[in-house]
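These notes concern the structure reproduced below.
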Amino acid sequence: MKPKVYVTRKFHFSASHRVYNPMWSDEENKIIFGKCSNPGGHGHNYELEVTVAGSPDTHTGYVIDIGKLKEMIEKEVIEQLDHRNLNTDVPFLQGRIPSSENLIVALWDHIACLLPPEVELVRLRLWETPRNCFEYYGEKL
Amino acid sequence: MKPKVYVTRKFHFSASHRVYNPMWSDEENKIIFGKCSNPGGHGHNYELEVTVAGSPDTHTGYVIDIGKLKEMIEKEVIEQLDHRNLNTDVPFLQGRIPSSENLIVALWDHIACLLPPEVELVRLRLWETPRNCFEYYGEKL
Amino acid sequence: MKPKVYVTRKFHFSASHRVYNPMWSDEENKIIFGKCSNPGGHGHNYELEVTVAGSPDTHTGYVIDIGKLKEMIEKEVIEQLDHRNLNTDVPFLQGRIPSSENLIVALWDHIACLLPPEVELVRLRLWETPRNCFEYYGEKL
Amino acid sequence: MKPKVYVTRKFHFSASHRVYNPMWSDEENKIIFGKCSNPGGHGHNYELEVTVAGSPDTHTGYVIDIGKLKEMIEKEVIEQLDHRNLNTDVPFLQGRIPSSENLIVALWDHIACLLPPEVELVRLRLWETPRNCFEYYGEKL
Amino acid sequence: MKPKVYVTRKFHFSASHRVYNPMWSDEENKIIFGKCSNPGGHGHNYELEVTVAGSPDTHTGYVIDIGKLKEMIEKEVIEQLDHRNLNTDVPFLQGRIPSSENLIVALWDHIACLLPPEVELVRLRLWETPRNCFEYYGEKL
Amino acid sequence: MKPKVYVTRKFHFSASHRVYNPMWSDEENKIIFGKCSNPGGHGHNYELEVTVAGSPDTHTGYVIDIGKLKEMIEKEVIEQLDHRNLNTDVPFLQGRIPSSENLIVALWDHIACLLPPEVELVRLRLWETPRNCFEYYGEKL
């Protein structure tokens, strides 16, 4: 039996979004979403924490090469989000309201596919502001 | 089946307390609690993280309107703690030693009652200083 | 002679912007501004630090009532920036490229007018991301 | 000519205070100071930054041994403030309203006397909360 | 039944290490570990969070006296790591590659032995940089 | 006359060093430098803030393209420091004790030469730990 260690890398991206339901009028959106549905949109510096779990390799002492994890997520995920408009520019968000809840669930499938077999994705944590945070563990209700 | 997402909002309040057992003498309190039982009291900038879990609503993309969560907790909880003396000024701490452990357990019941039915309270995290942190998940031993 | 003390209050707002020169084509803008000129825009969580200087009042011990400073700046400044599009929604930025440099200079005049006579505005500091910061002291070159 | 380098050490202490003028009634204090004059008091985790300037010594490369600076300030200053009531427990604040403005000015004289001759005290910075900051450079108006 | 509360204390230490497998040549190490195997080594400011769980004592309101936990861990653990070379200076790391994964697993056994019976060790969290984090819960795979 | 705006970019690197004077014995070094002269060395996560000043360009709204500043400093400065041993691996520190004071003075000349003519270097700030900070403004005593 080998120890199970959790490894987290934190990423940063800046993006804009408008939280609104396109089926509703601007007025209805304002009642439900308040200033978050302002038609010009607004934006955030998002912090994304990706956590994987596995056992340290006997020869390297690593669960995963965190430098390679960093490069892969930056190229395949952050590049698609950084300095983008989440309503219009991100293929895997098309047709979804870009709330942080929907974003984190969409990111789960996107990231899980990228990982090497020796680790499993166990947690995503997304800070929308320094005071608002969203977590997803792949659980269903 | 729908994804279960965890939503956290961070709050801030400044309060004073004296950690001591009123059944004991000042000397006995000093032996057990050290400088924390200094009769004049001391204080902290507390950070409180409230985490709820639920599924994103199909029409809004939200688990909960985090703006409304913020307003409710600020009005019903933070108002009672901010710029207060935890030994004398807080109704739901009456008769308890205001350690962070007792505070977080008292906050659980207080906050759980306030939440709408579509979410459940899953974690409270209380930072007493940037180096001391307390968590409660509603578990019993 | 009385001591001169500097008092700083930190504010937070989330906004979107597109950095581009409307006199240029999208291609020219891309050459000069790179991803910052992406037509859909992007956004940030800005932190704004407002610093004023003065002498502590003999009767209150305050240079300024920081609670009142907070309320005034939030109402007169942050309300106009938070959850807005800096290209289209902010009256005092009309006709300017919404770079952080131009934003901080525009904010100086706006804030200086609001302050009571017993203090002077001495520094604005604007964090665009946790790694990019802009300061203005009202100096001219 | 030798380079002038600024060296800063950050300290932490937790204290309680009540901001009020003892010449006034509780009601008058409440009008002027609001919740900060709540009779039970409140408290903060203060961060104090002490900055000295001097030239790096040829033999050590140090402006000052920051480990010794730390020990001296902790023993002579922080010990008197940590887990104390600023209204009643701190000798050098006797008779002053314990606002952060008055505290930082009192600390200046206290700290300046402690420093070795090869450095000069150039700045004190006191964070009362993560959003409220006070600075003093020894200047008079 | 009594509430189960989690108490965390954060520690800091500065250390150097070189991540390499002594069975391999410098070139092989460079291929696998990149700049982390630079022969001169490099270093980090590590943050270590120790989390224990238990029930608040009826007489003190404490799960554990966090001041005593702090002193014990600083004396028995941090003293052995702070301002050390993790490859050569730390007895409990002898013969292991000093990756953060191996360090956190070695720390688990070391810390678990030190704790009083009324609490159990439930989580170690080690920040190697502000962006790289490692967690261990004592789990085996 | 045009406004003078200060632009800061924050960089990160991890390095090891041993603070000692090679003219002295290990014992003499231990008396002067304490644990900082431990022969195996130790290390830090350094944060370096580079501040330049200038006027916003009329056509771009920028004092400097902060993205290009970032790339230049990362390539010419951070590459030489990150994951290095400051005693042995950094050409511009050869023959100097790698204290943070000496490092920041050496960095000044190195960085000043790299900057385009439209800005001037006005401040370097180096965090050695979250509690120890060094600043240099190019001043001489």
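Here the chain labels run A, B, C, D, E and F in written order, and each chain numbers its own residues starting at 1.
Going forward, a contact is a pair of C-beta atoms (placed from the backbone, for glycine too) under 8 Å apart; a residue touches a chain by one contact, two chains touch by 3 or more.
Please read all numbers here as calculations on a predicted model, not as lab measurements.
Novice: Please identify each chain that touches chain C as well as chain E.
Specialist: A, F
Novice: What's the farthest chain from chain D if centres are computed as the mean of the Cα atoms?
Specialist: A
Novice: Farthest chain from chain E, comparing Cα centres?
Specialist: C
Novice: Same interface as B-E shows up in which of A-B, B-D or E-F, over half of contact pairs matched?
Specialist: Most of the B-E contacts reappear at A-B.
Novice: From the mean C-alpha coordinate of chain A to that of chain C, what's the distance rounded to whole Å?
Specialist: 29
Novice: How many Å are there between the centre of chain A and the centre of chain F, using C-alpha atoms for each centre?
Specialist: 33
Novice: Which chain E residues reach two or more other chains?
Specialist: 36, 130
Novice: So which chains actually touch one another? I want all the pairs, not just one.
Specialist: All chain pairs meeting the touch criterion are A-B, A-C, A-E, B-D, B-E, C-D, C-F, D-F, E-F.
Novice: Provide the residue numbers of chain B that touch chain D in the complex, in ascending order.
Specialist: 12, 14-17, 35-36, 38, 40-45, 82-85, 87-89, 129-130
Novice: Under the touch definition given earlier, write down the residues of chain B that touch chain A in their complex.
Specialist: Those residues of chain B that touch chain A are 1-11, 49, 51, 54-56, 59-63, 66-67.
Novice: Residues of chain B touching chain E in their complex?
Specialist: Where chain B meets chain E, its residues are 19, 21, 32-34, 36, 96-99, 101-102, 104-105, 108, 130-137, 139-141.
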